[in-house]
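By written order: A, B, C and D. Residues from 1 in each chain.
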Amino acid sequence: MLDKNGIAKRIAKEVKDGYYVNLGIGIPTLVANFVREDISVEFQSENGVLGMGPFPFEGEEDADIINAGKQTITTLPGASFFDSAMSFGMIRGKHVDLTILGAMEVAENGDIANWKIPGKMVKGMGGAMDLVASAENIIVAMMHTNKAGQSKLLKKCSLPLTGVGCVKKIVTNLAVMEVTSDGFKLLERAPGVSVETIVAATEGKLVVEGEVPEMAS
Amino acid sequence: MLDKNGIAKRIAKEVKDGYYVNLGIGIPTLVANFVREDISVEFQSENGVLGMGPFPFEGEEDADIINAGKQTITTLPGASFFDSAMSFGMIRGKHVDLTILGAMEVAENGDIANWKIPGKMVKGMGGAMDLVASAENIIVAMMHTNKAGQSKLLKKCSLPLTGVGCVKKIVTNLAVMEVTSDGFKLLERAPGVSVETIVAATEGKLVVEGEVPEMAS
Amino acid sequence: MIKKTVPNVEDALKGVASGMTFMLGGFGLCGIPENAIAELVKLGIKDITCISNNAGVDDFGLGLLLQQHQIKKMISSYVGENDEFERQMLSGELEVELTPQGTLAEKCRAAQAGFPAFYTPAGYGTEVAEGKETREFDGKMYVLEPAYKADFSFVKAWKGDEAGNLIFKGTARNFNPCMCGAATVTVAEVEELLPAGSLDPNEIHVPGIFVQRIFQGTHYEKRIEQRTVRQKA
Amino acid sequence: MIKKTVPNVEDALKGVASGMTFMLGGFGLCGIPENAIAELVKLGIKDITCISNNAGVDDFGLGLLLQQHQIKKMISSYVGENDEFERQMLSGELEVELTPQGTLAEKCRAAQAGFPAFYTPAGYGTEVAEGKETREFDGKMYVLEPAYKADFSFVKAWKGDEAGNLIFKGTARNFNPCMCGAATVTVAEVEELLPAGSLDPNEIHVPGIFVQRIFQGTHYEKRIEQRTVRQKA
């Protein structure tokens, strides 16, 4: 079974040379720590920066330089700042190659819900609706089940949607899955996790074909 | 009767303190020379400059700094450069207060034609269609008649239109007119020009009410 | 040069009144018009509609206006950092319209640039698109979103000049440029107000034509919401 | 940092072919991609569709491609400085689509920013709107204009860096920024190509994400169309 860093580490393998990547808040933010150092990647944050670097050293924080999670950041050589309209032009115009974000629920047809629990929690969608409606390549990073132990991989989302039929891949603490026209296709098992465990934790249709390999470490 | 400079000088009186003004090619360009010096005005050129100044001194021309007529220009303190999308955002968004342009024909309902003579001349509309479709305040600077002596102030334009019902005022070598729902309303006569001369030179409906004053010099 | 300077925040906000709609720049607390917000609190006007990506925190930014119950309606993309906001929303005291962030930015830009509405894929198939016109282009579905209409835009820049030209710093730029010229009156407050001619015309982010009033701001707190650092190796 | 530099114009134009659609920056001869145009002439590809505000003059800019009869169709707003152009157009050798200048700019920006189409008031009631969808918003009529689709964008900047970031000078900016990222491949040529980190991130006009290839241009002629001066007093 993977912890949050393990999920981030596995997703980092999906980041290819030359990719512009938008990372959501939470587990996705950790992905930056695990990207291979021999490839060139630039991180975009929708509040208006391309070429984000690591967090600043203590005392070097600048209130005017933050990421979409409102965290202080630094920039790398080649970075640029721009306004919100241009930032979402990058996203809507498909110039960002990969979007990694968290979810409350994902449905077997690729629907995603991650912004609202009616009557309980309404933080807003932020940039997520623009990202999922535009990106060709969307990976969800999340726990396979919620705190109550219920599957987050469903036949149909029960919460208000963020986007329809858009998720391409899901990496959870238990497995790596691809969204296909037949449902969630199991690609890899997390270390020490059996196919049976994954089947039991998945409410939506899970396609298991042949021998499912354990994730390479 | 006014010459080109006379037309420009009369139009300059329509330029008020605090106006952003777009000047077309030809007579409109001359207007800048006659604007009162005690008021603040900025000239916008749709190729991407606000705060245009006079032409440069010999030897100080810069190929990268031109106006929409492709003439070398200078800029004044407070000037800015921007791209074409933003430039037409200024125009379409009604941030430019006054547009002054030339015309081949103006109709009594405010239609204007100035970009094409079928089979003979097709230079293109440039920014004129955007300007006339957007501006609240459009003044046409032109000769009252064409080279063949025919009226350019018509019941209906014969040439392909640049915009519909958009012209507010017309200053010609003979007169100043306002476009009203009743037709061209004669406001002023050029020095030494009789109402009869203006009537004879105007094909469209000309409204003459009471004593029409001669233009103040 | 058309001069846009006003001596202070009081003059800059002349004409604001209860019931109006305001745009306010900033992302989180980054790049917010601190002086204008403080003055709105002081003026005590009510029933405001605010178009702003976020709603501040409990005791800063738009949170100050929420505390005083001056806001009738918030139009935002993300409001998750504010307990008082959540309380007012859940109790029905506060009307909230949540809008995708890119849509929010473009609805401002559309107002600035004279576009009545635009088609965006964001929100298609979600409750955000309910009751809105949708349309297919090249096999993909889009939602028609109208431009915003607002009475005042309050923006904050790093440097500005007498002509109203603005330059922003870092990610404090965010929504501020899109909101300039998107309301009837745009009020810019700046950290440094300079004479015309001080800024390079090539480096200006927002030309002064989009700004009606500009003033030298004071006492910027520039609070950091999530101070995040790494250790020196 | 994702490196976009290519060693020369030959590498920069790899993949261009007859029958393609190109966007070319510039207003008149100001800010045109001189190196890319010269290479297109050398390559001798035919049946090109060019989206460019103007068509150059007889012996410079796009006029060079017209001379060689390489252009099948021009999409422009103003073409009044070119006799060969007029001859080819009137004889029917050249297809011409005239588009209002602001519409042309926005059709590029729409392609860049992922908008399928937009409503503009420009051209309503004229032959430009013939056959196009029109619509009323708030009592005013608008024309629906689709985004352009192009294979390559050729732009010219003043300074650029390895990451593809661009800065323009003066009115040589014009259509260049709108065309970046508006075609499948954007090729930028620059007067000065610098290492990443040389440009202030605040001052960049076009972020490198919109540019696929960048190269150091050579032998810029920067011809002036209307040299206009005043006399010293």
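Just so it is clear, contacts are C-beta pairs under 8 Å (C-beta built on N, C-alpha and C of every residue); 3 or more make two chains touch, one makes a residue touch a chain.
Here is each chain with its UniProt name: A, B = CoA transferase subunit B; C, D = CoA transferase subunit A.
Keep in mind it's a predicted model, so treat the numbers as computed, not measured.
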Contact distance in steps, from chain A to chain B: 2
Label of the chain whose CA centroid is most distant from the centroid of chain A: B
Length of the line joining the C-alpha centres of chain B and chain C, rounded to whole Å: 36
Where chain C and chain D are represented by their mean Cα positions, the distance between them in whole Å: 33
Euclidean distance of C-alpha centroids - chain B vs chain D, Å: 28
Multi-partner residues of chain B (at least 2 other chains): 49, 81-82, 85, 88, 91-92, 134
Multi-chain contact sites of chain D, meaning residues that touch two or more partners: 109, 114-115, 120-121, 168-170, 201-202
Arrangement of touching chains [line / ring / star / complete / other]: other
Pairs of chains found to touch, sorted by chain label: A-C, A-D, B-C, B-D, C-D
Residue ranges of chain A touching chain D (in the complex, touch as defined): 18, 20, 40-42, 44, 49-51, 75-82, 85-86, 88-96, 134
Touch list for chain C against partner chain A, complex: 27-31, 53, 76-81, 86, 89, 96, 98, 100-106, 108-109, 120-128, 158, 168-178, 205, 222-232
Residues of chain C that touch chain D when the two form their complex: 114-121, 137-138, 140, 142, 146, 167-170, 201-203
Chain A partner contacts - residues on chain D that touch it in the complex: 1-3, 109, 111-115, 161-163, 165, 181, 195-197, 201-202, 204, 207-210
Touch list for chain A against partner chain C, complex: 45-49, 54-58, 60-73, 81-85, 87-88, 91-92, 115, 122-130, 133-134, 160-164
